[in-house]
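Inspection log for the structure reproduced underneath, given as C-alpha cells.
By written order: A, B and C. Residues from 1 in each chain.
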Amino acid sequence: MWWRNTINELVKIATKIRSYIGIGALTLLIFIVLFAMKADGKSYIGFVTASFEQTLSFNGKILNGNLIAFIIMQMLIVHVPLLISLVTGDLLSGEEAAGTVRMLATKPITRTSIVLSKWFSATIYTLIMTVWLGFLSLFVAKWMFGSGDLIVLNSNGLLIIPEADLAWRFGLALIIAFLALWTVATLSLAFSAFAKNSVGPIVSTMAVIILFTIIGTLDVSVFDSIKPYMFTTHMAAWRSVFEDPYPSYEILESIIILSAHIIILLGITILRFNKKDITS
Amino acid sequence: MSLIEVTQLAKNFKSFHAVRDVSFHVNEGDVFGFLGPNGAGKSTTIRCLLSLIRPSFGEIKFFDKSLKENRAEVLTKVGCIIEKPDFYKYLSAQRNLEIFARISGKDITKRQIQEMIDFVGLNGREGDKVSGFSHGMKQRLGIAQTLLHNPDVIILDEPTTGLDPQGIIEVRNLILRLRDEQKKTVLLSSHQLSEIEIIANRMVIINQGKTIVEGEVQALLEKQSLNLEITVENKNPFEGLMLSKFPNLVVRNVYKSTYHVEMIEDIRIPLIEALVNAGCGVKSVIPKRSLEDFFIKMTEK
Amino acid sequence: MRLIIFLFLFITTVSYSQTATSLLKGVIDKIDLVNDYKADVQIKAAIPFIKVPIAKAKIYFKKKDKFKVESDGIAILPKQGLSDLTGFLSKESNYSAVLGEVKTINEHKTRLISVLPTDENSEIILAKVYISPTDELIYRTVLTTKSSGTVSIDYEYNLNKKYALPNKMTFTVDIRKFKMPKSVASNIRNNDKEKKYKENEKGTIVLIFSNYIVNKGISDDVFKKD
C-alpha cells in the first residue's frame, strides 16, 4: 500500500508549483554563476592563485568546466538545502493545513506507510535536485567552458587533479552530496510532523543548519565533543573526495553519521505521526 | 448484527475529558443518528471510530472485529466525510479521486471513478481544479470519495453543513437511497434534527462525553410526553391559569406569547376549554412530539 | 714601479673582463643560432603546499622574445628563468659581467660570471651564470629578481648542445614569500592538520625536454593569445 501512496505523493509533488520553484531557482542560480564566470572568471582564478604568482606561473586551462562544477557544488552548503526544504517541509504539515490529512488518515493505510511514502517521495525529489545540479554543473559548464584539470584550494594547499581522475571523484562527491541533502530533507520532514503549517518546518530546518554551521566553525573547546556528530560537519564531506590522497576513513565516517541521522530522524517522524491525534 | 459497537469509549486530552463514557451499537442496515449539543464529544467519538484519534479507554469494533487490531481491513469497508471534505485544491476532481482510490484498499478503475463522478452530478467538471469548486460541489465530490470503494458502512459528520435547502434534500435522498437500494449502514451526525427525525431509524444522544439515551427513534419519541405549542393573545390570564389550575404541567415561554406546554396525559381538551373560558384569546394550538424537543429535554438534564 | 703594478692590474682586469664577456659571447653565439624551436616538455613540480601531477606541455620559441607554453592540463612553471634570461644576456649593453670562482657542477668544470644589469629598472637584480669554458654551455644560473626572489636553475644537455638547448632544467625556487590564502569556501570541518611552513623552504620544478625541432619555422599565429 505504501508504494501506491508513494505514487500519490509523487503526483502531488509533480503538480505543486513550489516543486518547480526549487528547480527553477537552482537553475537560475547556476546560470548566474556560469554567466559570472564567463564574464570575469579570470579574476576569480587570480584570487585563488594570487599567492603563488610572484614566483610561479600557471599555464593551461585553469578556468574550465570542472572548476566551475566544483564552485557550483559549494552552494550545496546553504542554498540547495533551503530549496529542498521548501518542498519536503510541506509534506506532512501541508496536509494538516489543507485538511486533507483527515482524508488520508482514514484510509486503510498505516500511518507508518504514509510517512514512508512521503519520505521516499522526498528522497526522489532530492535525488532529482542533485542530479539536476550535477547535470548543470558538470555537463552544461563543460559545454560552456570546456574540460581540463581541476585546481582545488584545500586547507592543506593547492591541489591539481588531472582531468582523467575527475569523473569518479565528481560521481562520488555527488553521491555524498545527495546523502547530505537527503539528511536535510528528512530533517524538514521530521519538523513537518510536528507543525500545522509549512513555514515552521522550513524556517526550523534552515535555522538548525545555520546554527549548527556556526557552532561547527567556532573554535571553542566546549563544542569539540559534539562537532563530529553534527550533520552539518559532514555536509561538506563531498569536498574530501577532492583531496590527494583522499581520506577514505573520514569520508566513510561522514557517510555513517549522515545515514545515522537519516534513520533517527525518520524514526522520530514515524513515532510522532503514529502518536498524533488528528483533530484538525 | 452489530456492524459498529462502541463500548465505554473515553478520550482525554491532557486534563480535558472530551469523551468520558460513550457506548452504542449500530445494526446492519441502520441509518443511525449520532446527536449531542456542541462540545458533547461527537467529533471526538467519530474521529476515534475512524482512527484519527487514539482512545484513552474503551473498545471499538467494526464487523465484530477490533478496530485497533484490524484497522486496515476495517477501513477498507468504511467510507466517511468528516466536517467539510477537503481535497487537494491544486488537483482536478478526477485526480483527487484517483489519489484516494489508490489507497482505498481496493482496485478501482478509471471507469468506476468516472461513473462515480457522473453519479454525484459532477460530469463535465472532473477535469477542473477543486480550487474552483463551490461548497456544494466539494460536498458532492466528498460523497463520491466516500462511496468510491463501495463501503459497507458510511460515517457522515455534519454532511449538510453549508448546503442550501436543495442540497440538504439531495443529501437526504442520497442517504435514503444508500439504505434502501444499496443496503448500506449509515452513521449520521447532524444538527439538522428534523432531517434525523425523517431518515434515521435509530439514534444515540450524548452529552458532556457520556451516552444519555440510545434506541429506535420513533420508540423514544413515543415514550416522551406530548407537547403543545400554544399561542395566545393575552399572556397574563394564560400564565395565571396555568399556575392555578394546571400546576403539574411544565410550561415554557418560547417566544412573546407562544408557550410550550408539556403533559404526560393527553388533557388537551380540558386545557383548551379552560384557556378559552379564561379569556386568553387562544390563537393556535399545535401538538408536538418532535426530536428537537426530545433532544432539548435530554440534554438539558 | 708603481706604474708597472698599476699597468699589470689594469691589464689583468681588462683581460679578466674580456674572458667573462667572451665566455658569455660563446654561449650567446650558440643561442643566436636558434631562430625558432619547439619541444615537448615534461614538468615535475615538488613545491610545499602544492600537489600537482606530472604535466606534459609543448614549448614554442621564436626570436627575439616570442615564447609560449601549451599544455593540455594545468602546468606550473617558474615565472623567471625560462625564457627571459637568454634574451637578457643576448644584449651586451644590458649588463656588465665579472668573472668569478671556478666550480664543478654535475662533473662539469664551470666558471662563475656575475652579471649586473646596467638598467636600475631591470627586473633582474643579479644573475650568477656558471658557464663551462670547454663546451660554452651554461650549467647553472642563480637569478635574483625583484618580484620573485632567488631562483636557481641547473642545466643538463644532450642532443642540442650546439644550440645551447638543454634537455633538462631543474629550478629551485624560494617559497618564503608564499602565503596560504584561506579557502574560498572554507571547509566546515576544521582540519587541524594544517602544516606550518618553515621560513626559507625550497621548492623544485624539473623540466625534461625532448623532441626538439629547431629552425624549421613557426608561424606567428602560434604565439597569439587565446
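Methods note: a residue touches a chain if its C-beta (ideal position, glycine included) is under 8 Å from a C-beta of that chain, and two chains touch if they have at least 3 such contacts.
Since this is a predicted model, take the numbers as computed values, not measurements.
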{"item": "Relative to chain C, chain with the most remote C-alpha centre", "value": "B"}
{"item": "Chain pair that, of all pairs, has the most C-beta pairs in contact", "value": "A-C"}
{"item": "Chain whose Cα mean lies nearest the overall Cα mean", "value": "A"}
{"item": "Chain A and chain C, separation of their C-alpha mean positions in angstrom", "value": "49"}
{"item": "Separation of mean Cα positions, chain C and chain B [Å, integer]", "value": "100"}
{"item": "Approximate Å spacing (C-alpha centroids) for the pair chain A, chain B", "value": "51"}
{"item": "Contact footprint of chain C on chain A as seen in their complex", "value": "47-48, 50-62, 71, 74, 77, 148-149, 151, 153-163, 213, 216-217, 219, 227, 232-237, 239, 244, 250"}
{"item": "Residue ranges of chain A in contact with chain B within the complex", "value": "1, 4-5, 7-8, 11-12, 15-17, 98-100, 102-110, 275, 277-279"}
{"item": "Complex contact set, residues of chain C against chain A", "value": "47-53, 55, 57, 69-80, 147-149, 151, 173-175, 177-181, 183-191, 193-195"}
{"item": "Chain B - residues contacting chain A, complex", "value": "13, 47, 50-54, 71-76, 78, 80, 82-91, 95, 99-100, 102-105, 145"}
